[in-house]
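What follows is chain A paired twice: with chain B in the first complex and chain C in the second.
Our next item is the complex of A and B:
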């Protein structure tokens, strides 16, 4: 399609007062030979939008450049459909609101931003979505416990087919041995019946759910909407094609054999909470030592949890579980002595009312660290603890049974750490920080980066993002229930439904060739020009989402439906063979080349600033809204993620004569804020390499700098940008200028 | 009619805070049309006023920015600010909901250029900053506001100033005659995500909130610590702008108390732990004390608790604070507590005392065919409702943190989608 470009310059909101719009028009029509260029005093008005629309419909314009406010605002007004290539040049927030009016430097900034916009519009193509073949919208649910059954059920009720696999021969998971549930309804004081039977029946009666029991997943290959699952059952193999996956394999109680100090294994009447639960379900609540009825009991909370020697985290549900079990005894015999030894009683929300009720029921709550459990010589047990309230050692009365509230360990926390193949001789050692993936034999994904979900902390495949708890590092696979994070029954139920929604959403988006979170709806995807690939494996190693597999010759095998469109692969590729329709190494390179770099003697340095679209770019807008001012030598290019930065851009910029390059990206490290997980960190690693090269070329490494910036840090922008400009000025002009 | 009964795929989400916003996006991204209504002039709700999230200490506006971009890119969501639900009729699959939009006095032509604000002279207490600062009669609700559009407070209507403000706008965006509007939407399901408000700390008489200037609530401290807050992020004593060297937190201010809120508000422990870092980061010499009953840092949050606890400048004392009194001369605040570890009555002085005020749900007030939307005695919406197709989500249902709200919102989106295909 031949492009016919229209440029529309808004002179409202102070733009026309601060800039010489005729000179901008000249850039468009003169330098870039744009056939249509119009000014409007209020471009976002109905008339302004109509002006553009008329040109699109009647003048044959199909590519538009709007030089006005930030692309973050007026998006509904300036929406001309996905087929129209549109580029918005931010003259308001990032030029006239941040720089003095009618100033030569402000004008030059505006003109350069326009030039870059024109280049981008010229080089961008409308997206052609990737369409999956033989696509499936079915949901695979792995695990038939509370979260998994809920997930299967809820997805089916929304009209989706489900394949539910469970490795034991019965549905129910942990619930199978659960006697009753803690209260989730007013007055929040009474036990509730388990809903296992009803839930199982619902699953069994749901025609849209196909259940496999007593099975193991051999392998899952493919990608969203095209996952092929091999299931082994009694020596036979079944195959299913599914669109998305809910991982609900649950957790197991912490191994009590590791709790020798608490007497487990040595003293027969020390049992775990799970064992006690099973006693109540079978109706035989007796002392293991002698089969006599239990007349008194002590619960030890945080048995293994909140303990750096065991599980450093809090298992979240055990306080309320123990309250519930204390209630079992109190319901049977209100006068029975029941002790609870605790660090903090974590009965949040309305569980507080249940806690109050148990206090009323006469349960003795003792805040202290349990030091020992001893046989008192008369067949009973005493619990020794340091009471934190009285600061003195205390001892319980003799009790018949001690119950350890052991914590939760996710099923993903078992197995050896996965190691991608060792580098071959002569290969560069990978500097890319690898994910923690444990070979836990649950999903057995045929992914180059490892067979299971990457773990976040303590083996939980949880999301690192507070705002996006289902944010998964394996597109189309969503963890739910106690495998994702320690949680109670009520929350597992919600979580199963939430993950089911994410699975459904993923298949719907992928079926339209669109990306899922965070670049939701993006219809572009990376295309590989394989003839020039050198099998360096950087793309396959660096993709934060494990989207790219490898063949035996190390050729990348991209899976577009796993892709999240961050462009990290594009940034990683030394051969520059990876491109999106509207975002490529060459395009950004051309934008950089479009910057007008003054001669050395004009003493107008130029600074290229690459900004992350999620945080740094909006922060610059905020600086504009607050009318903060900063150095006008900057030239901004918005990038999908700093991880998409290709080192050739630095070379392009330096050979163009640009004096300094600043990368503004999200925080990396343990508390990373990069929405593409590792993008900002990868950019930092690449930049360190380029700094080494610069030093070798006797070109000061300070000319390239990376700053971590969050959206809320906009107040710091003047300091950062001015500080960098000062440093570059100290260094003097780029010696390559003019060559 | 048959089509209305069988073909209504729309969902109404009431409340544009993190829960409602997430629910709306999750449903729309699955392919369902959504009406998102919010009573304030901007989306984001309570979290928009937070400085940082625990445990990552990252800015809420980061996630909101992504959500707003999702919203801008999604033609299936229609957003109505300054709008509330007036009436609900019908049944699951076919609700008729009457909405009422209050006048903003600024129309869609607003470009957020700021000329109206420059023309305004009257100042009013800024609700966004809990009245800790004044704003002009024409103002942007806050700089991250979405939609990025000004509002005019009704106080100046009918004055010469209002006319001046109107005249200052070159885009004809000020509409002084704007009236409340009603509209009716037809939806299959309603997600109720009206969130929470802080407990009115004045009701805890012995803490003297409202009478003593240096006794504030936790939500106010969020604003004092925020770079875009009334003190540009410097935590100062409200009485005299003095430095805060000694800061105290009173946990369970209202919560876990049968005279106030019988439940535990779920997030205040972590919020206070987080807030200690605000001050200690600003002033390495400062000191923070937390008076608590139990520290409820569930799950992975334990690591955050351990980290804050390990800081020598943080003291944790188990004990519920009794009386709090401020010396009118010095502004110093004395907290009286029985230290449960020693059994002794402690009296300690602080520059600033923060009440960790609990969460009160903004309970639904509507009824459908005389059936009230069900909630418990505290106002929390019940999971199981007599009228199906009405789904509670987030803090209107239970006092929870942001991640749980979003989780719940996602689950609620699925429940709502089920309502669209049940009939």
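Our next item is the complex of A and C:
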């Protein structure tokens, strides 16, 4: 396509008062020979947008550069369709609002930002969306418990076909073994009958839901909208093609055999909550030791939970489940002694009213650690505890039964850790920490990085739960219910619906060739120039979403519909063969080369700042909005993720004579905030390597720095940018300047 | 440390004795932090923690029966009116006391009080026939079939010489406003409010039954009380025993009469005056505006508010039987209250409860501030403001 570029410079919002717009026009028409360049005092007005539209329609312009406000605002006004290459140069927030007006350095910053925008517009191509073949919009739901059934129902009600697979021979999951439910309606004081039957009925009455019972998933291959699922049932095998997957395989109780301190396995009358529930469902509530009826009972909450020796986390539902079981006894005999030993009663929301009711019912609530469970000599048990509320050790009266409320362990937390391939001798050991993937035999994904979902913590296949609920690290696969995080009935129901919605979003976006979260709607995807591939495996190993498989010769096999478009592969590739239509190693390299670097004697250092589009870039905009000022030697390039940074850019910048390079990205580590999970961590690892190289070249490693910040940290930006500028000034000019 | 035993039987016994909401408590501790005992130093303050005491009660564990703990609470209701669980803390205290006192284990200093109430129908060791001494020279009418209100004078104002001024002032005000009222006299017994709070259920029942029989026999329909304590028990504890009357505190009645124009007062008192809300009139009965309105109409300037007023008023320490407790100087709530009044520059501290009058007067003397601050009952100020000749 022959490009005809139009440049549109807005002089509103103070831009025209602070900058010499004629000089900017000269950059476009003189240096870059742009045929069309116009100024407008109010470009985002209907008139301004019409100016651009007229040029697109009548003057043959097909590539535009808008030098105005931040690309994060006015996106509706400046929307000229995917076929038009558009680049926006941020003169407002990041130039005139954060630097002094009519200043030589401010003007130079504006001109360089325009140069880089012009280069990018020149090199970028319109996207050609990846279209899946034989695509399916069906949703596979793995697990027929509360979350899974809800998910299946919700997806079906929204008009999507569902394949529901359940390991056991009956739907219901945890609910199958439940006698009654805690209250979910006013006055929140009485137990409720299980709703399993109605829920099962609803699933069975949905013609759009195809249910498989008593099955195992043999394998899932492919990618969103093209998943091929092999299901084994009674020795037979069935195949289904689906578009997205909801993982709702639930959790299992923590192994009570590890709770010897609490007498489990030694004392017959110490049972688990699950065993007690079974006693009530079968109607035979008796003491295991002698078969006599239970006349008094003690519940021990957090049995193995919130305990570094066992499960370090809170299982969220056991408090209320234990209150519910206490109510079973109080309903039978109001005068029966019932003890609840707890760390904290976590009965949030309306469950508080249920807790209050049980207090009124006369349950003894004891806050503190259980120190011993002893045989009292008469066949009963006494529980000793340190009562925090009287600051004294206490002893219960004799009880017939002790019930341990054990926590939830996700079904994904079992199995050996997956190891892709042991590095061959001589291979460079990967410095990138790989995800924890346990071979738990649930999904059996045919993914190069491993057959199941990567875990975030404690085996739960969550992504970043604060920012992105229901997201996982496998595109098109969404966890719901207690496999995702410990939760109660109400949250499971909500989770099932939420995950169904995510699955639907995924199949719809993928069917249009668009990306899902977080680059929602992006129509570009990474393309591999395979002739130059050296089979180094960095892209396959470093992709945070396991999008890239491998053939037997270690060639990468990309799956564009699994891709989130972060560009981590592009950053990883030493051969620079991975490119997007509007984002590539060469493109950014050329932008860097477009920066006008003054001679050494002009004493105007230049600092390249690579900013992550998710937090750092909007933080810079916020700094501008707040009129915070900072050093004008900075030159900003927005990147999809710091993980997409290719090391050659550092070399490009240094050989160009740029004095320092600052990487602004998200927080990494255990509490990471990177939208692409590992991007900023990978950038950090790569930067360490760069610094080694710099030292070897007798270039100070301080010239390259990585700073982590969140969007809320915009106030720190002047300090970060000025501090870096000061340090670079101390180091003196880049010795390669002028070469 | 030897483990303490939990006892369901003991817990249930305490609950049966009146601590019906003992199990509702979730031990948040707001009660303890709002308790006036936190504002003073000393042995009782160190030993008494209402959350802890309730915890022992709800576990049926020993340790609460110690005198400095069990009998420390003045039942001011600061905790109860702020409890997020709606626990009837005052009833719990009463129930726990009753579980001990009911077994004949009343503390030594309270035995003569309870004994006097048993024998004389009043806790002040006054002979029954002396109950009417305050009426001398006033020609107070006897309650009869034609009388609208029965005026019940608190035992304190019958026997305590300083306090009799309250009864005399109230009678003068009622007469001035043309209220049809009368007294019964020596046959009246103590209302028993404090006796019950001290845990003597049996004595309370005896007093209440005798009063109910007497009043009902006389055809009483409406009662004016001089003390908010009598008001509270008549309104809240007597009905289930058969004493169902319309009961009103004198401040509420007088403020109604004033609104009707039946009680013209002269703005005669020139001194800077503050009002102390009695716990049983304020937090327990939620009467805050009537006394203020009355006081305003007798003052030349507007009354001043104390730093802690109305719902946040600080207890004088006279309720729950504490009026009979020996408390070392420096540990008395009343002393803090005197300082509150001095802090706002008051020259008069007015209240509308005989116990408060008693406790605040003592505190003022123990701080040697009687020359700077005068303690008056509201009725005395109002009576002094009656326009002559009306």
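As a working rule, the second predicted complex is superposed on the first by the 738 of 739 C-alpha atoms of A that agree within 3 Å, B and C clash if a C-alpha of one lies under 4 Å from a C-alpha of the other, contacts with A are read in each partner's own complex, and residues count from 1 in each chain.
We adopt the following convention: a residue touches a chain if its C-beta (ideal position, glycine included) is under 8 Å from a C-beta of that chain, and two chains touch if they have at least 3 such contacts.
This structure is a prediction, so every number in the text was calculated from the model and none was measured.
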| item | value |
| --- | --- |
| Fit-or-clash call for chain B and chain C when the two complexes are aligned on chain A | clash |
| Which superposed partner A:394 touches (first chain B, second chain C, both, neither) | second |
| Touched partner set for A:351, first chain B, second chain C, both or neither | first |
| Which superposed partner A:417 touches (first chain B, second chain C, both, neither) | neither |
| Contacts of A:239 with chain B and chain C, given as first, second, both or neither | neither |
| First, second, both or neither for A:491, with chain B first and chain C second | first |
| Chain A: partner with more touched residues, chain B or chain C | B |
| Chain B versus chain C as contact partner of A:384, first or second or both or neither | second |
| Touching partner for A:697 - first (chain B), second (chain C), both, neither | neither |
| Partner chain in contact with A:362 - chain B first, chain C second, else both or neither | second |
| Residues on chain A lying within both footprints (that of chain B and that of chain C) | 356, 367, 389-390 |
| List of chain C residues in touch with chain A within their complex | 1-8, 11-12, 23-27, 51-52, 55-56, 58-59, 61, 63, 85 |
| Interface residues, chain A side, partner chain C - complex | 337, 339, 355-356, 359-364, 366-367, 384, 387, 389-390, 392-397 |
| Chain A partner contacts - residues on chain B that touch it in the complex | 18, 22, 26, 29-31, 53, 56-67, 69-70, 72-74, 109, 111-113, 140, 143-144, 148, 170-171, 227-228, 232, 255-256, 258, 262-266, 294-303, 306, 318, 340-343, 376-378, 380, 382-384, 398-404, 406-408, 410-411, 413-415, 417-418, 421-422 |
| Chain B contact footprint on chain A (complex, rising order) | 12-14, 42, 44-45, 69, 72-76, 154-155, 157-159, 184-188, 306, 312-316, 344-353, 356, 367, 388-391, 457-458, 460, 462-470, 485-487, 491, 494-495, 497-502, 504-505, 508-509, 516-518, 520-521, 614-615, 618, 622, 625-626, 667, 671, 673, 675, 710-712, 715 |
